[in-house]
Each structure stands twice: as C-alpha cells, then as structure tokens.
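A, B, C and D are the chain letters, set down in written order, and residue numbers restart from 1 in every chain.
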Amino acid sequence: MGIRAGVIGYTGYSGAELVSLLAGHPHLSLCLLDHRKAGDAAGNAAPAPVAAGTVRSMEHVPWKAGVVAGQSLDLVFTATPPEISLDIVPEILDQGAKVIDLSGAFRLPSGEQYQRWYHAEHSRPELLPEAVYGLPELHRDAIRKARLVANPGCYPTAAIAALWPLVRQNLVDRKTGIICDAKSGVSGAGKKPSPKTHFVQVADNFSAYAILEHRHVAEILNQAGIDEQELSFTAHLLPIPRGILATLYMRLKEPGMLDQIQQVYRDAYSDSPFIRLYPAGTQPELSKVNHTNFCDIHCSLGPDGRRLVVISCIDNLVKGAAGQAVQNMNLMFGLDETAGLLK
Amino acid sequence: MGIRAGVIGYTGYSGAELVSLLAGHPHLSLCLLDHRKAGDAAGNAAPAPVAAGTVRSMEHVPWKAGVVAGQSLDLVFTATPPEISLDIVPEILDQGAKVIDLSGAFRLPSGEQYQRWYHAEHSRPELLPEAVYGLPELHRDAIRKARLVANPGCYPTAAIAALWPLVRQNLVDRKTGIICDAKSGVSGAGKKPSPKTHFVQVADNFSAYAILEHRHVAEILNQAGIDEQELSFTAHLLPIPRGILATLYMRLKEPGMLDQIQQVYRDAYSDSPFIRLYPAGTQPELSKVNHTNFCDIHCSLGPDGRRLVVISCIDNLVKGAAGQAVQNMNLMFGLDETAGLLK
Amino acid sequence: MGIRAGVIGYTGYSGAELVSLLAGHPHLSLCLLDHRKAGDAAGNAAPAPVAAGTVRSMEHVPWKAGVVAGQSLDLVFTATPPEISLDIVPEILDQGAKVIDLSGAFRLPSGEQYQRWYHAEHSRPELLPEAVYGLPELHRDAIRKARLVANPGCYPTAAIAALWPLVRQNLVDRKTGIICDAKSGVSGAGKKPSPKTHFVQVADNFSAYAILEHRHVAEILNQAGIDEQELSFTAHLLPIPRGILATLYMRLKEPGMLDQIQQVYRDAYSDSPFIRLYPAGTQPELSKVNHTNFCDIHCSLGPDGRRLVVISCIDNLVKGAAGQAVQNMNLMFGLDETAGLLK
Amino acid sequence: MGIRAGVIGYTGYSGAELVSLLAGHPHLSLCLLDHRKAGDAAGNAAPAPVAAGTVRSMEHVPWKAGVVAGQSLDLVFTATPPEISLDIVPEILDQGAKVIDLSGAFRLPSGEQYQRWYHAEHSRPELLPEAVYGLPELHRDAIRKARLVANPGCYPTAAIAALWPLVRQNLVDRKTGIICDAKSGVSGAGKKPSPKTHFVQVADNFSAYAILEHRHVAEILNQAGIDEQELSFTAHLLPIPRGILATLYMRLKEPGMLDQIQQVYRDAYSDSPFIRLYPAGTQPELSKVNHTNFCDIHCSLGPDGRRLVVISCIDNLVKGAAGQAVQNMNLMFGLDETAGLLK
C-alpha cells in the first residue's frame, strides 16, 4: 500500500466518482475527510443497504487543523468549490502533502484572469505559478514533479484534446474562427437541486446555455493557445446523467487529406494511453467513453479538404474530473499512468 | 362563451396542465388568479419566446377580497396545496362561484379521517358533507348538482376505476387481500426541486416509496368500499415525466372466465366515455393514455379462474388531475362530458 | 365540413402525428388510405383499448385505382418514402386532388439534384417546376395557389428559418463559413427497428452522424441561398423521442448589435404566427416547442459584434413534418393559417 | 493466471457484460470463442476507436471441433440461446472443461418441465440431474463441486432471494397467495431489434407483459418450494437499460415484527457477501445495485403484523446474469467468492 490519500468533498458527483475509482486502486489506502462546508449538505443522508456477509467499508476522519500530517497523508484530493479550495489547499500543502484540486481555483495562470472569469478575487495568487494544469497529455513531465495540480474542467478537457495537436502545428486558419459546440450530461451541473435539474424539466428536453460566455473558455484559450475572439463556445444540456460530446469546426490553412489529420493526432498522442482515434467511416458516441477514462476523437474533412469537423467524447465525471485526477496521481507518484483506470 | 372560469395555482404541474386544457375548451373564457402562496414560487419566471405574428395570450388577475364576484366567475379551480385550499375555497363559495378543488382538502368524509391521514386539523369540516368526490364514473349525478367538487387523487383514480366494478358486485374474496402495486411518473411528486427529483437521481433508476402507508389509501378504501387491512398499497417512482400504471391482484370468490370479468367492466362503464378496455391478448402501456383523459383497464385471469390481475393506466396529470377536473366542470355546467377533452 | 382529405402512410411517425392533428381540425373530414407498401409493415398491429362508452373512430379505405376521385377527396397527404411518393403522387394529381407530399421526392428543383443527393433517378422530373417548397414563412403566396406542395425536411425547416432572414439581407460573411450543428430526437430516424434505434443503444447515449454529408443539406442550400462549400452541417442523435435544436454559427460582415439582429427576424416574420423570438437573457429549449407547430429562434452576439450564434428549435414531427403540412393545407384552402394548430 | 476461460456468445448483453467483468478479474486468462450462431448477428460490427497509446486487447479463437481441449480451457461460459446451449454444452463437457451456461437450457429438473415451459423438447435430459442451479446463496456447496452450472434467470434470482428464507422457515401463509410484481430494464429483452425495443416505443412508456404466464416462473416455483397456484407473477418493462426491482406481497401465518423478519434474512444470508438488507425507514432503489453484483432486500410490515412487502433489487445483467456467473466460477475454482466482483 504505497500511497496514503485523502478526499475532501466526497459527496458531490465528482468526489463520489473519485472515491469509487480510488476504492479499486491497487496501490492506495484511502480516508475520507469530513469537511462541513465541502458540499456535505448535498449528500444523501439516507441509510444505505448493509451487507449480510462481509464487505469492506471506508475510513472517515473529521477535517481539523493538522489532520493531514496527523494522518500521514501523502496526497489530498480537494473536490470542493473554488472558494473552499482557496482556503484549504494552502493548509494541506503546509502540512507536507501534495494536492490535486478538482475546482477551478488554480487552473488559470494569474489572479487577474481568475478575477475576470470567476468574478471574485483570488486570495492566493502566489501559488498559481507552481500549480500545474493537470492534463497529462500536454503536461506529463511537469505533473510528475508537481506539488499542486489543478485538475482541468470537463469541457476544456474535451476541447483542448481536440484542438491542441492541430493548433500547435499551426494547421488551423484561426482567423476564420474556431467553433466548439459542446453538449454535456446533467451531472456537470452539480448535485444541488434546482428548477433547472428537476427531472421533469430535463427529461425529453434539450437546451443551450452560457452561449459565448462560459467561464471554462479561459482554460481552453490558455491551453490550446488561441485568442478569445477566435473561439465561439456554446454549452448544451443533454438529458442523460453523464458524458460530454464536443463538436469542433475549423478551417485548415492548406487543403489536406483525412489521413494526414489523423496522423497529426496519432503523433501527438503516441504515448497517451487514454486518447483513442475513431477510424474513418465510424460514428462517434458517448456510450463508448462513459464510465471510462478515455477521450475518443473523431475527424471528418469536407470534399474541399478545408472544412474540418473534430468530435471529442469524454465522461465528464471520469476523464473530465475524477479519472483524470487519478491519472495525475499515478504520474505524481511514479505509478503506471493507467493504474486503477483500466479493467 | 358560456362559462367564466378562474384558476388559482396555475404554476404547478396540475395547474399548468389545466390551463393548457382549458385554453382549448370550446365553451369557456378563462382568467388566471395570481395568489402569492399558491405555488408561484415554483414557477419558472424566465421570459418565454414571443410570437413574431399574432397569437392569443392569457388574462391575469391578482387574487384579492371579492375578486371572484368582481370578475363574475362561475367557477374556480383551486390547484393549491390542501392547507391553502382550506383557506380560499370557503371564500370562493361565499362569493357565489362553484369550486373544483384539486387538493386533498375535501376528499375524505370527515375531519377525523382528514386528521388521521393528513396529520393536520381540518379547519372547515362543515363543508365536507356537501363536497362531492369528483370521479364521474362513480358519482356522475351528484357531480352535476354539486357546488363543491373534490377532484380525486391520481393513484385513487387508477385504483378505484379497477376495483369498484368488482367489489360492488361482491365478486372479490377480500379476506385474502387486495394488492395495488402502483407506479407513477415524476410529475406526481410536484414541481418543487429536491434531491429526490434531481434528474441524476431519477434517470436510470426506479424506487418504491410510501410502502403500506400512502395517504391516498384513504380515498381508495372509502370509494371502493373495502377495509384497511384488506388492501396493501405500494407506490413506485418511474423515470418518466407522467403516467400511472397500477397492477392490482385479487382472488375471485368463485372461479370465473376472463370474458365474464370484462363484461362486468363493460356494464359498469357503459356510459363512461373515458374508460377503455383492453381486449384479450394485448399488453397494457402508458403511452396509450398519456396526454389523454382515458383510463385504460386490462384484465388477466389465471388458469385456476381465481387469480385475477387488473391493470389500470392513466395520465396522472390528465385523468388523474386536470382532465378529470375539466370532465367534472363539463358535468356541473350541463355540457357534453367530453367537451375539450377529445380530439 | 369543408375539406375532404386522405392520408397515405399513416402508420409511420409523421403520418400518425398528422392523423392526430387532422382529427382535431375544425374544417375537415378525414379518411385513411390503406396502401400496402406505405410503411404499414412498421405499424403496430396490436389491438388497442376500446372505449366502454362512445368515442369517434376513423374511416379506412383501401388504396386502389380511382379511389381519390371515388372518395371525392380534395387533398391527399402522402407520408410515404420518396420512391413511393414518386409513384402515387402523379396518380393522385391526375384524379383532380391536390397533394402535400411529406417525402423528399419533390423538394429539389431538378432531377439532377435529386440524383446527386438521393442516389436514385427521379422518375417524374416534369412535376418539379410546379412543386412548391412548403415553407410558408418563405413561400406563403405560392403555396396558396399550389397543386403540389413538397413539405420540407425537418432539419431544413429549422436551419432555413434561422438563416434566410440574415442571408437575404446580405448580412453574413459567407466566405468564412456557416456552421449548422443540429441535434434531433429519435423519431427522426423512422419507425423501422434497427440496432441504431434500440432503446439500450440510444438511452444514456449521444452520437453524431452524417457529418458533412446529410442529404437534407441540399434543401438548405437551395432555400437559404448559399453555396455548398459555405455550409458545414452535422447531425446528432438526442436520446429523446422528438425535437430538433440546431445551433448555427456565422460571422457578420459588419459589427452589429443584438437588437438589430433580432429586428431583422421580427421584420422577416412579422406575418408568421408560428415563428417566435426568445428575448435576450433567456435559454432556448426543446420543451417549449415540442408538441406545437412553433419554430423558436434565439440569437446571441459576441462582444466583438461579429460572432453570431442563432439557435432554432422545432418539433421534428410537427413544424418539421405534420404540423407544417396542416399549415400548408390551411393556406391552400383559404383557411386561417393556424386552424387546428393552436389551442 | 490460474483459470483459463472461454466465452461463447459474447456479443449479446449478458455475454458482453461477462467479458467486461472477466477482463478485470485477477485470476484469469480469457479467450473469446467465435461461434457463428451464438448471436453474433446481433453484434455491432462498426469499427471501434483505437488507442493512440498501448491498451490490452482480447484473444479471439474460432469455435471448431476440439477447440476447448486445444486451447486448454478449464471453463467455458455459454451465453447462448437455450437451443444452442443444448448443442454445444455437451461438446464442451466432453472435452474436459467445466461449463457455466447462462441460458435456460439446464435450469429445470426434468425434460418434462422444460417441454412444458419452453415449448420444445430437451435433447439432453440425461445431463439435468448433474446440473446445479447456480444461485450461490442457496447451493454454495453443490456449486463448488459442479461440472455444469445452470446460471439462474434474472427474474428468478430477484424473486427467490426474497422468498426462500421465509418459505423454508414456513412463515408464509401460502394459501392466500404470493404476489411477485417484477419490473425490468430493457436489456432483459435482448439485443435483437424489434418494435417493442425501439427507443420511441420504450421511452416515456411503461408496460406490463407475460402476465401470469412468464416461463421464469418455473424456476421460482422449483427453487423457492411453492406451488404454481400459489404464485401470481407479472413482468413489466421499465424505460431504463438495466435493473430489476421485484415487489413481493405475502401474508405471514402468525403476526410478527419487522425486526424478526429482517433477522430471518440476516440468518439465511450470514455468509452471503452479495445480499444486503435495507434498514427500516429507507427506500429501496435500483441505482444502489446497478453495475454491481449485489441483491438488496427491503422489508415492510403492515400494522396488522401480517401483510408483508418484500422488495428485491438486482442488476439483471450482473447478479441476474454475468456477475452471478463469475460468482459461480469463483466457487467452482476455490477462489474468494467476491474475486473480480467488488471494487
């Protein structure tokens, strides 16, 4: 049992998924840190069924000063709202543990950018330079050495995976505009009940939201290396519990062949076990990625060789949150990148 | 335009369904009464799309003392919680209008029964003797003359329609027990957001609740004429917006033939346009009744001629609430019973 | 009872929706024409529940030579596959009735275009010049006088309604490309069972198909007046029974204000009762249009005043098929355009 | 790598679930046997996404004479229709491997019973005496020594788990009748497309089928030890991909307390790690068991101490099929009963 890890905020959707993944991880002992403000109110306090025979149970520890050192934790996952992460992440680091933060608190490079997109002051901007953006496919080496990893947002994970290989090779005519039309399952909206997540409102329905103004856009711009006026991003709410499918439209600078485009992705991700490419003549779909840590990419090219459609599929709770966090942990502790994430 | 009707509580699911039905009714002018406590908080205040050309709109009137008489209303529908109905129904009656109350406030015959099943005191027990239980298939004549109609609950509508023809003919061996295993869509749980109606909680799920203790049982016992210890009633939550399918199990006193049982129903409902019988060899399903005012009944008999399964299907918001209210209105004002309810 | 109308192909989703709408139409008598190849195999032959009391039923007539004249039909709706429409539409016209064809057989202006997009020869190209494309918002006057109306496809209805007002005013920078990212409910895929429409395949899933190669693109190009290489169209399958939401992205030639864009739509559709505009600050969704004949349009403009997102919502079976067919019938017979289509 | 196992019929829902579970099993090497009639037609031959980095793949071997011995297989799972199992199970046994058959071919004790419930002759009745009914909670020791295990049906697993502890203690008044009202997700209907499993037919719908005549009843009668006229069983189709919730109603011979009933279950299943009991005051639901091998049981008792409602929840593809098969394999090969089945 190499790593001793804690989770704060385990009652939300991402936190619960994380606990479920970590429970099956081969190199880990786990404890749940009970933090009053970490979203526990959203938890379902209903008593669960109890095994007649013997089944393992989880260790719970109340959050209090010094608990991270007291429990000898090597790592803490914070699946908390950004304002709570800003409070507790520094405390954890001070006690000598590493942190993977699943909130947006440490994803942007400066306090100014945080202020602009989150409409709140960043109380710990001095930590931002050392925080590593936890997308292993882009920052594998930096993650290995990181003390603080900012786990990416779900929409950005899908969008950046599709954009980065082409943009860094300067293949895209960015001036004509890049479109990211993204669709997400309802768990992306969080566990707190509201009229917008009522079953009767969502079932048999489909809606668009945050049109041209989602705060996740900031991560995409920073990581994919494009300018704000070059990207049009729209989010939609799918009547399913989980999954993100993002359809990206762009124009190539020079006419190309589908095969060349696919090779760009194969080269970019040759050492990335969780990126998969759809062969030509297939149809991308969420069921292939849900409940897995894969990001599946599908390319189509118009007969003009210029109009390119790239579709990126992830499970928003796994590759878009908890699975990616485990992938980051594996890198930070020298384990196989896929440990606990493949059957 | 014969009838002038008002609706209080038009933002809940039943109330909104009622407004939608009444908007298409041929003999009616309608006004919506804005009552602050009638559930408007649950309403979606988001601005709706506006027609580029001309489309009719609704008349809104604030609720205040004397408004029923002031607006010359012949009838008011109260789609309000029982505690609000207890307050406003007497006020409306005093101003000379008839009332169809969609809550449980006036469905039971005595204040004692109300106290027992609703765990609250009934503030107006003197009105209970004149309130008519608004199930037209049982009380058509009394409804025609009623000033106050208590519109039935959704589960009771389905259960009573299945039980009443057999029980009144004394065909059922009640001592061995009658089972009503009922399944309802989520709109039956109301519009208020809660962890239990969150999309992610309900989707891909199915649960049982109120096992042997649903307060709707009281209506079934009273109307079908059976004793409490003779009925086992369980409710279940279907992951669909609307519809109730109730599966009833009972034992016949004397062995019979399927054909005889079906004839009992045909006789009981020969003048009831909204009761339909499934022929033998068919499969009952909600899609046939949803968005209609029909109650569909299906019978199966075991090879022993004794074990009988009766399945009853309704749309909980139409025959189980708003449509039945319109059917009651039609009777109270001498219109065709189906006016505004059939295409 | 002014119009006497027949329907061929009433067992498919569009045909059944049409019969349901026509059954409630105030100026119509209806008969169903039983045509062996019109899709009846897909029909559910299971016996339906039968009313205990009296409810209206439908008139059925076998299709045979001369039946249209024999039944004195003024109009026949053909909800048939295009290859069957090519056979029977001329026969109907020859017997003196008007036709509204819901297939793709008569939507394109030439046999050459049909050959290219439908990969089959058009057997009656001589009828194409007189066929009117049945989008009332664009061709109201021509429809009034038409003998043969080609009812539009569902995706084209949504896309053209969004594009046409801006393109005809020459406001769009077409060279940078127009994107139409369209999402449809499963009824759009037809009633024939296949692995792609199996419940377990579709539920909890979301997929893209016909990327850059849907045959409905031809209608959009023709009607909106744009060139093939200017449009990128992708279709997606939503896990819901009905509804289309299309998200369109384009760049304005000159920077504008949201208000100006909305005014362009208001002007274009000032006499169109079924087009509705979302006010600013709202969120477009399918539940507002499903089971109605409305087409709802929502506009968003980026801070640069150039990046425009237009979202168009329809019910694919109503405004995208059967409702639009009724709207066309109303125009062809001098009725109010909304007859039978509004509550 | 202790066990070398093969799977025939891996393209159906149960077979695919089995392969997914076995792929994560710690003591196993697996090969897929390609048998032309085993349901491959139902398989989706569409090319799947391919990992950019390295991910394990499966070994495929064509089915042919002698392949079981040739591949040195210790065990073969047959997830095939009963008529195919009757053909190939004897062949496998003859080659020296053990068999877990997921069909109904070997679940009943005699050829006569098979003939009656499956309406077909049993070609290998001589194998029935040695076939062990693979419900570990009832037959753990016999399964450990078995050469041929008949993996139970999904409905019977749920029903027997609920009935057996009470019936064997003679606590139930069987003469008044036992009701099993069962509801299943759509994967229970198999992968073959049909009008009954079309998404548009199932979504927003709920139906009853096989009322008082499901062939799974035979297993329940045999295993729970009750007579045919004592049980009324009805199946219903839930609009969800997976899960069975069965609500059972019965009458106790002597009035009892809820606590006593729960103790009966605790005693019966004290060494059964996959049976869980709901505490009083809870609400049973499918989401707690789906994607797990647990069977959750919930009890409610009426105030008379006689009317008992027992609710049993399983995932039809896991505890109702593939997971139970793995549990049986674990027992047959001396492994921990939970190996590969718990996180």
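Some notes on this structure:
As a working rule, a residue touches a chain if its C-beta (ideal position, glycine included) is under 8 Å from a C-beta of that chain, and two chains touch if they have at least 3 such contacts.
Just so it is clear, the model here is predicted, and its values are computed rather than measured.
Relative to the C-alpha centre of chain B, the farthest chain centre belongs to A. The greater number of contacting C-beta pairs, out of the two interfaces A-D and C-D, is seen for A-D. Here the spacing of chain B and chain D, counted between their Cα centres, is 39 Å. Rounded to whole angstrom, the centroid-to-centroid distance between chain A and chain D, based on C-alpha atoms, equals 36 Å. Distance between chain C and chain D, defined via averaged C-alpha coordinates, is recorded as 46 Å.
Shared contact sites, meaning residues of chain D that touch two or more other chains, fall at 201, 203-204, 239-241, 283-284, 298. On the chain D side of its complex with chain A, the touching residues are 20, 23-24, 46-56, 203-204, 265-266, 269-279, 281-284, 288, 291, 294, 296-298, 338, 342-343.
On chain C, the positions that touch chain D within their shared complex are 13, 42, 44, 186-187, 191, 193-195, 197-204, 239-241.
Within the complex, the chain D residues that touch chain B are 176-177, 179, 181, 183, 201, 203-209, 211-212, 229, 232, 234, 236, 238-243, 245, 247, 249, 251, 283-287, 290, 298, 300-302, 304, 306-307, 309, 311.
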